[in-house]
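Two complexes follow with chain A in common, the first pairing it with chain B and the second with chain C.
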Partner chain A sequence: MADRDGAAIYQAIVRKRAIVCIGSLIGLVLLVLADLMIGPSWIPIHDVVTTLFDGPNGETTSTAIVWSVRLPMTFTCIFVGASLGLAGVKVQTICNNPLASPYTLGLTSGAAFGAATAIFTGFSIAGILWLGTAVLAFIFAGGVSLAIYMVGKMKGMSTITIILAGIVMNFFFVALQQLLQYKASAEVAQLIASWTFGSLTRSSWTSVAVSGCILVVCAIFVTRYVWQLTALTTSEENAKSLGVDTESVRLKMFMSASLLTAGAVSFIGTVGFVGLVAPHCARLLVGEDQRYLIPASVIFGSLLMLAASITAKLIGGGSMIPVGIVTSLVGVPALFILLMKTRRWE
Partner chain B sequence: MTTLDLDNVGVSFGNNIVLEEITTTFKSGEMTAVIGRNGIGKTTLLKAIGNQIKRTGTITFDDGNARALSFDDISYVPQMSSTQTRLTVFEMVLIGLLRDLRWKVTLEQIQAVTGVLGELNILHLSEQPFFSLSGGQRQLVILAQALVSRPKILLLDEPTSALDLRHQLIIMDLARNYTHSHDVITIYVVHDLNLAARYSDSIILLHDAKIRAHGTADEVLRSELLEAAYNVRLDIEKTGAGYLTITPIEPL
Partner chain C sequence: MVKGIWSIFLVLTTTACLLAAGCVTTNSAANNTDAQITFTDLAGREVTLDSRPETIAVGFYIVNYLMVGGDDALDKLVGLAMDSWDGTRYGEYAVFTSTYPKLLEANGEIVNIGSYHDDTLNTEKILQLKPDVLLLSPSQYSANNEQVKTYENAGINVVVIDFNSNTLETHTRSNRILGMLLGKEDVAEEQIAAYTAAVNDITSRLADANVEKKAVYVELGNKGPGDYGNSYSNTMWGSFATQAGGINIADGQIEKYGSLNPEYVIASNPDVIFIGGAIWSGDTNGDQMRMGYTISEETARERLKKFTERPGWNVITAVKEGEVYGIDHGGLRTMIDYVYLQYIAKALYPELFEDLDPQATMEEFYEKYLPDLDYTGTFMIKLDAT
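Right, the complex of A and B next:
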């Protein structure tokens, strides 16, 4: 009897979480369709669906707009949002602090500085500019992660130390980026400045492929650590007592979060708050079992980015406001509301 | 009988020797309390046994086959933390099986969790978030997390600190019953000497980084030993129920 009750209890817990994940996936599909419909020229939903089924070789105007312009932007939006959501849930878990995110820990500014350096120097790999930008973004984001990890390790991995080290890194790399802009020609300075806005207009099928591949690799990688990460949400001591090598898990998660952030930043620029707010919303709805929290954070990251993209198109009139501006404008009040409502902030 | 033998175990942090020449034996089915002044190395001893920190010396576990301790033999329960995790009680206990967990939780694992929740009379809390529990309930959940893997050695670091009197008795009764019924070795750190007197088959008194005494409550809880270890003058009496009670009088 007790066993059957226990199985029923467990099923009740996981069923609720699965429903949230499936519900948010349905929401994602709806927002994808909305994002494809909305733009300087509105495309009716029937035409969007027909164009998608007809493939990229159609000869209508809608085909050209959807397949060449909007789909790369929409998919970039999905993968960048998902990457930031995944990176966010990883760093929030390993720091055991809901204030942690790629943005607040300085990973984003490290990656942005790497990208700015590539723009400033014209750095490329095998003549491919985007590859040079992505690699430098990862090197600097990874450097920030390593620095935070080393400082944290010296101070007994106190979460306060990790967060403070991240904030210091953030200021440092923002200052370095400003120095680059100051030293650069007007044209390059303008290019670097536009990078800090986070704009989807730089999307292409290349950005879709690269950010998508990084997301898939990092998502598969993290599945090996779901229970260790779940244990880490209880406390450092508790996780260690359960046999978790907390230092090793932290380092791996920091590095994969750096890769995800670099993949996102090197194509569309700095996007704040998605990595902070998406895991937070997901946690409120599905709890801390990482088997559900990670997929939910990924989906919520995509949802937030798509919502920001749609908003940017709607309020921008004929042009598209950089999506990074929208995420920050929406993210700040959203974070404030979460801060007021959530017990963990007490 | 299963035994745990510590032979010349020592722990140092840099030049600071915290424990040295720790040689003793623990027997299955027995509760052993570790007592001593603050900072004397009680928690360090528990962590050394639990493979949580580096140590010197040898620790041998003999359950008919003498061998080094493996992580699977032990459940170590650290001091209660103020974690605000949103995990449910069921999930908190489930991660006690962490080493065997895969993506899909098996029916056997669900049965193990519900079994231990039932034993500790907290099955009704299963779906509650851990952060919403009282201190006493939290400690019961942490104990359930330690017991779900059916350890052969149970290490409890101050299991009753910050608990009210009722929950102190509940936790200690559960630990004692489990120790006796499952024939495990339980070692716990405690500051309350009255609890140590009541719930111990043996007591270890640590002093100056070494074991000052190891024996029954009557053998260890003696005024000359305790006064030297704690620098406190105290009265020791036996109640009508047969328990020793220790009353501190004044600092020496």
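Right, the complex of A and C next:
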């Protein structure tokens, strides 16, 4: 009798989780459509639809807007949001700390410093400034994560060490970036500042392809470790006793999280809040089971970015409000509402 | 023949007017007791100098200072805020320091009193230098309010002028003050008269012509084609675009300056596009827009072309018809910057301003007021129709 009760409860939980995942997936599709339909030129919806079906080779204004501006931005939102959500959930899980995120671990500020260096020195690749900026941002984000990993490994990869090393890195690179900004001329300093806001004007089909590929590869990679990660959330000892090589799992997850973050922010700039909020929203709704938590975090990341993009377009008119600013403005209320609705903060 | 006589008459009357204007100003300057100089500066402060200054430190506007004062002004110059001058306006730095080696910090003839671009002043050096006059920009003045009191207590006369606001009124008042300080009232008034005439000419021609207004987009090309740089509404290039009779698509979308949404730019379908260029630090083989002193036409055109290849820009009228122009972002805030107003006006309404030659006007100005300066470079350029 008791067994059947347990099974029933488990089934109810699984059903609830599945409903949340499917529901948010539907929400994602709706937001993608909304993002494609909304823009300062307010092309009629049927025009957007016919332009989408006509393909990218038309010579009309609608084609230029839908295929060259809106679609790359929408895809960037999906991939960047998903990447940050995934990176965030991994970092939180391996640090066993709800405050950890790509942002607090200094990965984002490393990327920002790399970008600032490129802008300051005029470093470009094949004569293209944004490409040089993206590549340096990527390299520095990777460098930061390697440094944190080295420190962590020397100290046995304890969660406190990882977090502390990350916070220290964050301060260090923020200071370096500020130094460059101070040294730079007014117009260059303004360029650096604008990079740190995270703007969708920098999205292009190239950035979509890069962040999309990284996301897919890392997502497939992480599915092999869901059980180990779930074990790790109970406790280090539990995971070890279940035969999980905790150090190796942490290393792999940490490095793939860095890669995801670098891929996400290198092109469009710093987007801080998604990596922290998306996993929390997901956790509040589906719990700790990584099989549900990971996809839910990914979806919530995309949802947040799309919501921010739509909000920015609605309030911005013809101007371009940096999406990085709006993500926090949209993300904070989202997290608060969830917090208020949940009885207890785990 | 009749035309010839007519033009001689015009030249004569113009000369007479200019002479008369010169006399008037000499008279008004004479109202200041022999050597005493009194005026209201651009921060609204009453300034009284007992005599013409012998030593001047320039916080900002070194170019304007030399344009009015020439070589004599160089002799009076004892200090200059020149940290990151090279980083902010590389072309200007290179040309002016090579023409006037005194301006090179390394030569040790003048004292570096602060930063060229971020309003930082080195108070200790200024006090030690103790110039008769310290020239400041409005933002330097407001950022150093407390220090200004210290300077004045030490007997240094702080004078605020403003070429940044880019209006006829502020340009006029600022240049007049420079003339008084440097004992070059005639030069200052001549430049003011030319500026006023040029601006009024454009306004009146536009008022008479009743042209169909064209849509204009102006962008600072410091982000390269991969991202959208700032556009300007009622300020700087934005106010020039409006004064030149254009409809600035940035108006109503941004406060003063900011990036426009790429979709908005494409959907607004501007008839004419201007991309502002300069030499930003480090950028050698990149894709930021380059214009100004030392830049070749080839480089400017090459960089400008890449902007027209942005995704979606193929449908914009300006791009289709080759109405895309480069302008020198460092060209603003001088008494010759009206040539950019003329250039924009001519680009918008070529038939109305056919007789204007902004490039030649600019060259004449340099030849006349800064004859030693090697002003080679590219300041205004059209991307050839493709």
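Please note the rule applied: the second predicted complex is superposed on the first by the 283 of 346 C-alpha atoms of A that agree within 3 Å, B and C clash if a C-alpha of one lies under 4 Å from a C-alpha of the other, contacts with A are read in each partner's own complex, and residues count from 1 in each chain.
The definition used in the following text is that contacts are C-beta pairs under 8 Å (C-beta built on N, C-alpha and C of every residue); 3 or more make two chains touch, one makes a residue touch a chain.
Remember, predicted model here, so these are calculated numbers, not experimental data.
> Going by the contact rule set out at the top, does A:A193 touch chain B (first), chain C (second), both, or neither?
neither
> Chain A residues in contact: does chain B have more, or chain C?
Partner touching more chain A residues in the overlay: C.
> Is A:I65 in contact with chain B, with chain C, with both, or with neither (first, second, both, neither)?
second
> Mind working out whether A:D5 is in touch with chain B, chain C, both or neither, as first, second, both or neither?
After superposition on chain A, A:D5 lies in contact with chain B alone.
> Thinking of the overlay built on chain A, is A:V168 touched by chain B (first), by chain C (second), by both, or by neither?
A:V168 contacts neither chain B nor chain C.
> By the touch definition at the top of the document, which applies to A:L329: first (chain B), second (chain C), both, or neither?
Once the two structures are laid over each other on A, A:L329 reaches no partner at all.
> Between chain B and chain C, whom does A:S124 touch in the aligned arrangement: first, second, both, or neither?
second
> In the overlaid three-chain picture, which partner chain does A:V217 touch, first (chain B) or second (chain C), both, or neither?
Once the two structures are laid over each other on A, A:V217 reaches no partner at all.
> State which residues of chain A lie in both footprints, the one left by chain B and the one left by chain C.
Overlap of chain B and chain C footprints on chain A: empty.
> Over in the complex, which chain B residues touch chain A? Could you list them?
50, 52, 71, 75-79, 81, 83-88, 90-92, 95-96, 98-99, 101, 103, 105, 107, 110-111, 113-115, 117-118, 123, 126-127, 129-131, 142, 145
> Per the contact definition, I'd like the list of chain A residues that touch chain C in the complex.
39-41, 43, 59-61, 63-65, 67-70, 72, 120-124, 127-132, 182-191, 194, 199, 201-202, 204-205, 313, 316-320
> In the complex of these two chains, what residues of chain C are touching chain A?
Chain C residues touching chain A: 84, 87-89, 116-118, 220, 222-224, 226-228, 230, 249-250, 252-254, 258-264, 266-269, 278, 280-288, 311-315, 329.
> Would you pull the chain A residues touching chain B in the complex into a rising list?
2-3, 5-7, 9-10, 12-13, 223, 226-228, 230-231, 233-235, 237-238, 240-244, 283, 287-289, 291, 343-344, 346
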